[in-house]
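Each in structure tokens, the structures are laid out below.
First chain A sits with chain B, and in the next complex the same chain sits with chain C.
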Partner chain A sequence: MSPRKPGLLAPLFALLLAAGAGALVYAQEARSEAERLALLQAAEGPQRLITPIKQGGWSFPRRFEAKGGAILSPQDTHVAALIFSTEATPPRLFDLDGDGAPDQALAARPAEGGGFLVGAAPLTPPPSLPWGLLCVALLFSLGMWAWLAFAYPGRWAGPLGAGFGALNLGLIFSFAASRALDVLPGARLSGALPLAAALIPLVLYGALGAYTRSLRSPHRAAFAYIAPAMIGMSVLILVPFAFGFGLAFFRFNGQTSEFVGLSHFAHILASSGYAITHPLSFYYTLFVTVMWTALNVALHVSIGLGIALILREPTLRFKGVYRVLLIVPWAVPNYITALIWRGMFNAEYGLINHGLSALGLEKIQWFSAPLTAFAANLITNTWLGFPFMMVVALGALQSIPRDLYEAADVDGADGWQKFKLITLPLLRPALLPAIILGSVWTFNMFNIIYLVSQGRPNNSTDILIVEAYRVAFEQERYGYAAAYSVLIFLLLLLYSRITERVSKAAEEAYG
Partner chain B sequence: MRASTLISLALLLACGGEAPPQPIQLNLWHAYRGEETATLEALVAEFEAQHPTLRVNAVSVPFDAFPNKITAAIPRGNGPDLFIFGHDRVGGWAEKRLLEPLNLWSAPIAGAPDLLERFFKPTVEALAYEGGLYGLPLNFKTLALFYDKALVSAPETTDALIAAARALRQRDPRVWGLGYEVDSLYFHAPWLHAFGGAAHFSPDGALRMDLKGAGASMRFAHALRAEIIPPEADSQLITGLFYKHQLAFVISGPWFIAELKDHPSWGVAPLPLVNGSGQTHPSGQDQPAGPYLGVEGLFMSSRSAHKPEAFALMRFLTDEASAKRRLKAAGQLVANRATYADPEVAADPVNQAFQRQVEQAVPLSNSPHMQRLWTPMQRALSLSVVEGVDPTESLAELVKRVEESR
Partner chain C sequence: MKIPTRGPLPRHLGRHLFLISFTALTLFPVMWVIKMALRPSQTFVTSLNPLPDTFSLQNFKDVINAPYFWTQLGNSALISGVTTIVGVFLACTAAYAFSRFRFPGRRAGLAAFLVTQMFPGVMMMIPLYQVLDWLGLLDHWLGLVLVYSTTSIPFCVWMLKGYFDTIPHELEESALMDGASQIVIFWRIILPLSRPAIAVTALFSFMTAWNEFILAATFMSDERAFTLPVRLQHYVGNYTTEWGHFAAGALLVSVPVMGLFFALQKHLVGGLTAGSVKG
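Entry: the complex of A and B
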């Protein structure tokens, strides 16, 4: 790979193209907003005064009288729909001739002395995004990108390729953003989503530029092979990720989304106004999460490795049977395992307390204290987690040559020395990735916490991901939950950087 | 061979020429399963038979995904014409303009009986939001008191309930008095309302709650919890204990009936009057417990292309004949009042109990802000009812958390 500098033209070109894609979406939004404002003005023209009348003891009006005594008929539902929206909401568009396109806009506002003034204006519907054109542009730029990256030999290939790559991302993001506008009403008014449509591809530019340049390298066939996966990743992971990242800066109050900057992050990092030892504080939850991850992984590895060593004993009989039985906890869906263990931990009727009292011990109220509830979660997840480590260790043990042990025997090494000096170092290359993977899984092990202790007592056993879930789907504070998730992501990013260093160091030491 | 092909082709063409006009297709989404689906489909078939130009496509959508599907599909015009769901999201849906206001559709017509008079009034009011009526009620759900006839009889007051439970527990400490999920606002609501602690939201999302009443209700529930409610009781445990005759009373809703198929001695009664609530009831008696009223509504999409036809189906599904079938075949507690005049229906003690209970029930607020209350309230209840923390403390935290989420 040649360490060529990206040059100045490349980012400029990328900026132009990506901003163009974003501006297209933004212009679309601005236009429909301008038309809406014009409609509000137009609706000041011919107006009808409509008075709602309550009757029969109902809390809502059941008759509507237009000025002059005419009563609205059920066919005037579009007027009714207006009346129940207050003046703050944008005017409604109505399709009066039923051809599927709106052809009349109405606005209502409360009149002095009761009732509503309703006005109407004819409408030329705002054009929708030129989807066909955008698709053609996407295909064209994808083609250009591929051509520049793989075939075109000149010095412009790198910068132009990166530019078209950024354009692709911009277009894909614009598609996603325009869909997101339907999900997040009100976001359109802030103009922030279109802005993000232009900015996020730029942020991704660096990565993409590097990728495109690497395509010029002799290994480009390898890059071609992973290109489908990269495209899949960008659609399935990058776009939702970018959307979630953007969401963290907004607050959605049921009707509109409002830009709040970093205030969600500030609030979370300021412990949400609780003492640090309060279960709803970010730092308390982080502490629980770290303890949860560290203890789990330690138990998984030591139990898994221990069993793997026993299973390797040449004198052991029925090995296959044990191996299958020990993998069973892993094979059972973890929801089911979690629910079974929750039942077993029940204070009054659970199997575990029955066992304790049969042994003459005192029953434990598992979910009444943070420590015992945490222990219950830990036991359940250990049951679920050790088979994986066992399988990894078994595989790695097979690959250690027997003659090393024989040589050690000749030298008079004892069992512990053999384990420490032969088994452990040779297991490390296989175990280290498994440990990193396992710790990331455990860090985000939602099911066990949510189902076994359910955060009892009082959210004190919740880990970060469960807390984020509660904020998002129990309280429907999506922006705040997104900020929480971004923090979780940053923590894991930091962790993976550290482990990368560690495993590199290990490679150097033992490689 | 060739001749027969030609003939059949000619036949096809002939038929094609005389094809009847395309029937209008109505899409109806629901989250029903089992008997409820079968009953709904039978009713829909009957409607189609009465209206040959209409076709109804009843689609079952998973309950968990339902609200998201509605908010995603309707604005884009892919949604149903009609759908059936709980009323608690009406406020949010109305704010998003997903629902057709029915004020005019259901307006009284001279010379005809008023459509809305066929329902229990609270069930209709639950579907109104900010002056608009957004649905017609199909069924209602509320909590009532289930009891084991082998152990106890239905108590009139909470004092009687506690006394009966105490007596049982003295005889056999394995037997518990009362079972319900103590840390859930839905199940705590009967006490909350009896003590005057109801929670509302103003339109701009500020929490309005009488903290004194709420605190008193939590102290009351904590006393119950300490004496007669089994610890860590979730719904499976409660069902299990009730089956083993180790639990005298259960607060639960009509869904519990399905779980009691093999129970030999269960009965159901309205929730008892609450002693010592400090609230005066107009009748001079103690305050009745006030469980939430949940209403299953039939809603029309504001984007439906066939509103008159959709409204005809709404009228049909909520009329007395349909309601009777839904009650008898699917066990739904229908909102149509006239149904309960039927002697067979009226004689059923379950129907009686729930019909009496609905009069005391408090419609669950359909404000879009309600969603912000459940989780903080669960924590407050868990602190004060389960662990006995002073309610002033847990409620102060609740207010702070709810305010934060605005």
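Entry: the complex of A and C
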């Protein structure tokens, strides 16, 4: 489907594209910076005080309020800076003079008593060349590099590919570094950032070296197929993860950071100064999380498997209809599910209490006792979770040969024996990965807890991930929250190490 | 739990009764959202009867006529569509390598994919925000595409790898004999044979992107860049909830995914597990 010789045209084109986009971005940045400075000197427009407003819920980054004028679009890349530094430029789109049209905030300085004083001029439409274009160009170019280096063996492929790759990575990191210095409080993280900026290319350079050496190895094709996924994952998962991991060792409230070593971990593991049975203690939350995960997975698997076994009967009619209808909860976005069930569990107008009183039972204040609130979360999550296990079990059941059961019938086995001795062992290899994944997902199931019980009463139904979120976004102790998430990660890693042994054994037995 | 055997009709009757009541129980909340959407009011429905009593389309009209609805629908469609294409392509190539090649780091790589599922997603928000900011992709659909396709890859890779494992190697060996290259084998043999699994993978990628809400709400602040779920959240306030609008919007958001589920449900059962059971 493609030429057999390394075509130079495609990589050259990619290089041109990348270079062009880079030049355009640089030119545009330089121009807009010059314009900004010029306007700043001439700024005599209205000035307004803007202050951060606190909001519960999903507000991240923090929203800002302009006294006397409405903020039309509170976000700009620079809002991110505000999370980290109070001295950064505030968002650009304000209606400062109140004429209904957005103005551009040009200059800001911290005002006494919090907030910023902003000077503004009417907004000139921002130049529309997006960084996205550059990103696409670079990714495309990287892709070409991988393609060239791996798809075509030959004398030129290795060095050329390595050259393009190095060039691209250099471009990406110089852009990233320039943006980082713009946005991060470089001075505050003194030294750490330049160090990281120097380390990342070094590490990548090393990896590249190892990579090019492996070009000669017989595994080249394998790496070529994996490379695209790996590149994406390393930028969008590895980098954020490294960032979060590093943050765990800093005290960081969004403005100032201070290296604190392991003290966050020590504090968390020392139960944060609470009794172990206190809802804010790590061990209490861990207990809730483990119960949450175990009960959910047990319910998902047993209901899913049960329904699958019932649906399996070959002469049963309307199987397809049942299957389709039972999949519905899976297709509903889970935050919608959560909000609907929260409404259903409402003590006053909730449907469930109406049902209870229709049956002559007493109404339950679902969210005022830990146990009932936990049950409400559990019911919601079971509703949305069993269809996945049902489908997995249905698929796995299909692959069990029928004659095994016929043979068992001949031997006079009863239903339970057949289930225990044929169905379960043969289901295991299919169910095990699903169970591992399912438990990891449930362990980190944020939406349901955060939206259904909302931790009521007194955070006693929070699981670890929700607790970490609250520490980060409600108390703004980002470093502490990062330490929390590192602990979550380590716990799950431990869990998977244990289950991996089981699955390895299974793979050896059945693979 | 009983192992089913071919039984007389009354036994099936019991099965049907159980399945019907279980399905009814499962569908109850959904029915009831439909009822709420069809009522011209914003209050919560409190009657136990799940069947709609009025058929007013006012809520749907309101949702559709809200500012930027079509733009946001377009955003959702674009983001989900591109995510599906990118995610499936990346997952297919990676899964193929994991399934067909034995190379150093294979086991570690597979484990790494699983491990990424363990990072507390919510806590990735701050750093991800930074990364997208560096790339200049905040408030840009491409940023969400990148995030969604990378987050859906690990699961898709595991699923596809399992499916590829079931495709007999003999097919490829004979193709190799005939002089086909590795790439031709991948495109012409493996991919067409794995259509069910790829369909399911595509469904998951699409669903990840279409339903996701927290990250979209975090990275998008311009109303014109919102996806539908973010829009939907605005009907649920801290103190009051416009239940009618929310229900109508929830249905509008859920319908495409449900449609896909129904269309692909035959593949779903096979595609999801065929691989893991090589028994």
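Simple rule for what comes next: the second predicted complex is superposed on the first by the 284 of 511 C-alpha atoms of A that agree within 3 Å, B and C clash if a C-alpha of one lies under 4 Å from a C-alpha of the other, contacts with A are read in each partner's own complex, and residues count from 1 in each chain.
By our rule, a contact is a pair of C-beta atoms (placed from the backbone, for glycine too) under 8 Å apart; a residue touches a chain by one contact, two chains touch by 3 or more.
Note that this is a predicted model, so its numbers are computed, not measured.
**Q** Applying the touch criterion given at the start, work out whether A:474 contacts chain B, chain C, both or neither, answering first, second, both or neither.
**A** Only chain B is touched by A:474; chain C is not.
**Q** In the overlay, answer first, second, both or neither for which of chain B and chain C A:349 touches.
**A** A:349 contacts both chain B and chain C.
**Q** By the touch definition at the top of the document, which applies to A:283: first (chain B), second (chain C), both, or neither?
**A** A:283 contacts neither chain B nor chain C.
**Q** Looking at A:458 after the superposition, I want to know if it touches chain B, chain C, both of them or none. Which is it: first, second, both, neither?
**A** Touch partner of A:458: chain B, not chain C.
**Q** Is the number of chain A residues in contact higher for chain B or for chain C?
**A** Tallying touched residues of chain A, the top partner is C.
**Q** For A:313, is the partner it touches chain B (first), chain C (second), both, or none of the two (neither)?
**A** The answer is second: A:313 touches chain C but not chain B.
**Q** Which chain A residues lie in the overlap of the chain B contact set and the chain C contact set?
**A** The answer is residues 56-58, 60-61, 73-74, 77, 79-80, 83, 183, 343, 346, 349 of chain A.
**Q** Can you name the residues of chain B that touch chain A in the complex?
**A** 71-72, 75-76, 92, 94-97, 100-101, 103-108, 114, 116, 121, 124-125, 128, 130-133, 205, 230-232, 236-237, 240, 302, 305, 307-308, 311, 368-369, 371-372, 374-376, 379, 382-383, 386-387, 400-401, 404-406
**Q** Flag every residue of chain C that touches chain A in the complex, lowest number first.
**A** Residues 1-6, 12, 15-16, 18-19, 22-23, 26-27, 29-30, 32-33, 43-48, 89-91, 93-94, 96-98, 100-101, 103-104, 106, 109, 111, 114-131, 133-140, 142-143, 146-147, 149-151, 153, 155, 157-158, 162, 182-184, 186-187, 207, 210-211, 213-214, 217-218, 221-223, 229, 232-233, 236, 238, 241, 243, 246, 250, 253-254, 257-258, 261-262, 265, 268-274, 276-279 of chain C touch chain A in their complex.
**Q** So in the complex, the part of chain A that touches chain B is made up of which residues?
**A** These residues of chain A touch chain B: 52, 55-64, 72-74, 76-77, 79-81, 83-86, 89, 92, 98, 182-183, 185, 253-255, 267, 272-273, 280, 343, 346-349, 365, 367-368, 456-459, 470, 474-477, 480.
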